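Across the two complexes that follow, chain A remains constant while its partner is chain B and subsequently chain C.
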Partner chain A sequence: MISFLTSGFFASMLSFLAIYVALTVILHLQANVAGVVNFGIAGFWGIGMYATSIFLLRFNINFWISIVLGAIVTGLIALPLARILLNLDGQAVLVGTLAFASIVENQIFVNREITGGSRGLGTIPMPIDVGPYRFIVYGLVVVAFVVALILYAWKLKKAPFGRLLFSIRDNELLSRSLGKPTFRHKIIFFAITCGLIGLFGGLTAPLHSFLLPMMVSPTVTFTAWIALMLGGQSKISGAVIGVLATEFVFFYLLRVILPLPAEAAQMVPFFIYAAYGLMLVLVLMFKPTGIMGGKRRGN
Partner chain B sequence: MSACNTCKDTEKTGVLHIKKAVKRFGGKTVVNVEDIRIGTHCIEGLIGPNGAGKSTLINLMTQKLSLTEGEIIYYRGDEAINVSSKNLNTLAKLNLVRSNQIIQDFASLTIVDSMILANTDLRHEKFYKLFNDKEVREAAQEKIDFYLDYFHFDFPEGHALSAGEKKLLDIIRCLILNPKFLLLDEPTAGLPQDQSDKVIDLLQKKTAEEDMCVLIVEHNLDLIWRVCDYIHFMADGQILIQGTPDEIKGNETVNKKYIGEESNA
Partner chain C sequence: MLKIENVVSGYGEVSVLQDISFEVGHEVFAILGANGAGKTTLMKTIAKAIPLMSGSMSFEGEDIAGETSYEVAARGIAFVPQEHNVFPTLTVLENLSVGSTLLDKARKNEKIEEVLNTFPALKAISKQKAGSLSGGEAQMVAVGRALMQEPKLLLLDEPSAGLSPLYVDMLFSKIADIHKEHKVSVLVAEQNAVKTLRVANKALILTLGKIHMIEDADKLDESVIKEGYNI
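Moving on, here comes the complex of A and B:
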């Protein structure tokens, strides 16, 4: 048992699940609390991941400082994007952020002197070198970051700023007529939360140890959205449950229970995404507010 | 009811000076007001037939819409503010506050939360301030108690359910902002008679005792005659006649363009 808990498999599972929980919780804050439909998560996450690795490898900056710098870079890039997009309607924001993410993927591919392009960027070592335990120790650090994020989200929703964000999501003009500078708040909050996505992108870098542009694909975005919709959009616990019901069950649990022959393994992700789609349809049919969702509030 | 029936101490309340204000949608001129002052009395009325441009004028005065031509100056004490240089939210912070003709609400906020939101100072609403909700609630408590006690909602910790409750809440939120100039677009439409009377009583009390003046847009003319000190009559985008209730009541144009129609209908 102990040897399983300290194994690389367990540590990697724990870390990746934690990262996905973080992305889904941030998405919950953006989409369900502030009402900003962000379909560019992969882009911000990728900027954080690459920026952190570039600071670390090309400039020899300490990993933890690189992560903070990566988050700041992500937030600063999100800021002008927010200025352009956030006074447009929801569909425009969706398309705009999705397009932004594919620009990011493309830029990583093209700017090979900095990002390594298709040859990749690496190797990013585990930042806490405690011998064989370095994987699980790092995994626990990632979990600690995620717990801090969840506490922040939970507190924020009950704080005056959370109330303000809900009012903006519900009825922005009415909120403005009460004197609230809603546009400014939306921009700042979007940039801050995108910075957080970048932070978790930075934390992902050592898990991949070698970065490739294709990692920054929309799959990351869709995984977070599906987890959010499955888990339920009204509570933070929905984000956690949603990730467990998708990533954990399909990528880890089923693999342990049903070991497939190696030649079939390549096909597995395709079946998994089909299964996600099916689950999503079923949840939307039978419990449209998600697994943890309450009753839909009538207007 | 008070000494201010004739003229208000406009040093302290707000006054709006509308100069050649024009609003066009496409080619259609919806508002075309020459030169008038609003807010020189405690409670003024703005009346006129459907489609006259009353709500549009309120939207122009509060920058929910921007002017096509002309200007509107908001005198606030000795400040002269060109409303075109501000926007909806900054004007609200300058105590120029408006309610809505079409019911507006925050679907996810309870009645109490909605009042707290209105009362919360901007400096408390920061993404890094997580532990100040108690302070913010306490700051609003006195007002919340007053309004809940005065108007009586069935479930103040729940959501405003009926149209009447939402309308009432809209007006309460406005009052919580401590307006110097309050623009009410059909405040009593959809309210039960007793609540509507309470709103009017409260407005009369507040305008008499505090530095606040009110402009009411209404089709309920009995109410207009009863509470307004001064009335602006609007038709086809223009302010055609202004005067005291008695002057307006007897006016031929008003009768022809509006009151006659109303009683025929």
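Moving on, here comes the complex of A and C:
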């Protein structure tokens, strides 16, 4: 048991699940609290991942400072984007953020001098050096970041600022007449939460150890959205359950229970995404509020 | 307190209000008129929910013509629209609380108590989602939330629309109380002239976007009102 818990497989599983929980919780904050439909998660995540790695490898800046700088860069890029997009309706925000993520992926390919292009950027070392336990210790550090994020999300929803965001999402015109610059609050909140996505992108970099543009694919965005919709949009626990019901069950649990030959294993992801789609249809048909239920704040 | 001069306003290129001028002091001031007279447009213009096309507006001697809705709200003008006037997914208490974003925590708690005393019926439903309330309850929440802003001037757009007669009577008696006890000036746009004039000090009758007349409430008789309403 101890050898399993300290194995690379378990550490990798723990870290990636924690990263996906973080992305889904941030998505919950953006979509359910502030009413912003962000389909560009992969883009912000990618910026954070690459910016952190560039600070680390090209400028020899300490990893922990690099992830903070990566988060700041991501937030600063999100700021003008939010200024342009958040004045538009929800569908335009969806398309705009999705397009932004594609632009990011494309720019990573094109700007070889900075990002390494299709040759990749690496090798990113594990920032914690505790011998054979470095992977699991790093995994626990990532989990600690996610727990801090969940606490922040939980406190925010009960705080006056959270209520203000709910009111903006419910009725922005009415909320504006309460005496606060609602649009400014929405832009700042979006930029901060995108900065957080960038922070978790930075934390992902050592897990990949070698970065390639294909890692910044829309799959990250769709997986987080599917997890949130399956788990339940209105609750933080929905984000956690959603990730467990998708990533954990299909990418880890089934692999342990049903080990497949290598040639069949290559096809597995395609079946997994088909299964996600089927699950999503079933949940939307029979429990539209998601596994964790609750009334959708939007209705 | 509020001075409106030669205001022209409307939606897009279309002007609904023409050359509107009047002044509101510390009083209950009624804006009366038939459907389509421009009452809601006038209220939205004052609350800066729609832009001013021309003319000037000042509040307590300060020019507010170029200000945004949140800037005029911060000056002490609270607006209760006719429709969509509560945050449906927030509870009654959260609706009140969100109205006090400009107050400190201690004052906010005092103010919630004060508003719940003004509308005691809200105490029993304080944890209920505002989206599930009846029209009358929602109207109380909307007015209560506006009072949480500690306004100097309260703008009420057709507060009696869609309410049962019992709620209408209660609401107008509350408007009088709010003016007397909370020392708040009230600008109320209404179709229900009879009930409104019982609590108003002064009234303006709007006809097709223009001022038909401004008069003390006690001097307006039925024939004058009917003329203004084109009946």
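Basically, the second predicted complex is superposed on the first by the 294 of 299 C-alpha atoms of A that agree within 3 Å, B and C clash if a C-alpha of one lies under 4 Å from a C-alpha of the other, contacts with A are read in each partner's own complex, and residues count from 1 in each chain.
To be clear about the criterion, contacts are C-beta pairs under 8 Å (C-beta built on N, C-alpha and C of every residue); 3 or more make two chains touch, one makes a residue touch a chain.
All values reported here derive from a predicted model rather than from experimental measurement.
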* Overlay done on chain A, so just call it for chain B and chain C: clash or fit. => clash
* Structure fact -> In this superposition, the partner of chain A with more touched residues, chain B or chain C, is B
* Between chain B (first) and chain C (second), which does A:F189 come into contact with in this model arrangement: first, second, both, or neither? -> first
* Between chain B (first) and chain C (second), which does A:I54 come into contact with in this model arrangement: first, second, both, or neither? -> neither
* Is A:R163 in contact with chain B, with chain C, with both, or with neither (first, second, both, neither)? -> both
* Mind working out whether A:V142 is in touch with chain B, chain C, both or neither, as first, second, both or neither? => neither
* Asked: Does chain B (first) or chain C (second) touch A:M229, or do both, or does neither?
  -> neither
* Asked: When the two structures are overlaid on chain A, which partner does A:L178 contact: first (chain B), second (chain C), both, or neither?
  -> both
* Where does A:L86 make contact in the superposed view: on chain B (first), on chain C (second), on both, or on neither? -> neither
* To do: For chain A, give the residues common to its interface with chain B and its interface with chain C.
  => 160, 163-164, 166-167, 170-171, 173-182, 297, 299
* To do: State the interface residues of chain B toward chain A in the complex, per the touch definition above.
  => 62, 64, 87-90, 92-93, 97-98, 100, 104-109, 113, 116-118, 120, 122, 124-127, 129-133, 136, 159, 173, 177
* **Residues of chain A that touch chain C when the two form their complex** => 160, 163-164, 166-167, 170-171, 173-182, 295, 297-299
* Report the residues of chain A in contact with chain B in the complex, numbered from low to high. => 152, 155-156, 158-161, 163-164, 166-167, 169-171, 173-182, 185, 188-189, 192, 297, 299
* To do: Mind listing the chain C positions that touch chain A in their complex?
  => 47, 49, 68-70, 73-74, 78-79, 81, 84-85, 87-90, 94, 97-99, 101-102, 129, 145, 149
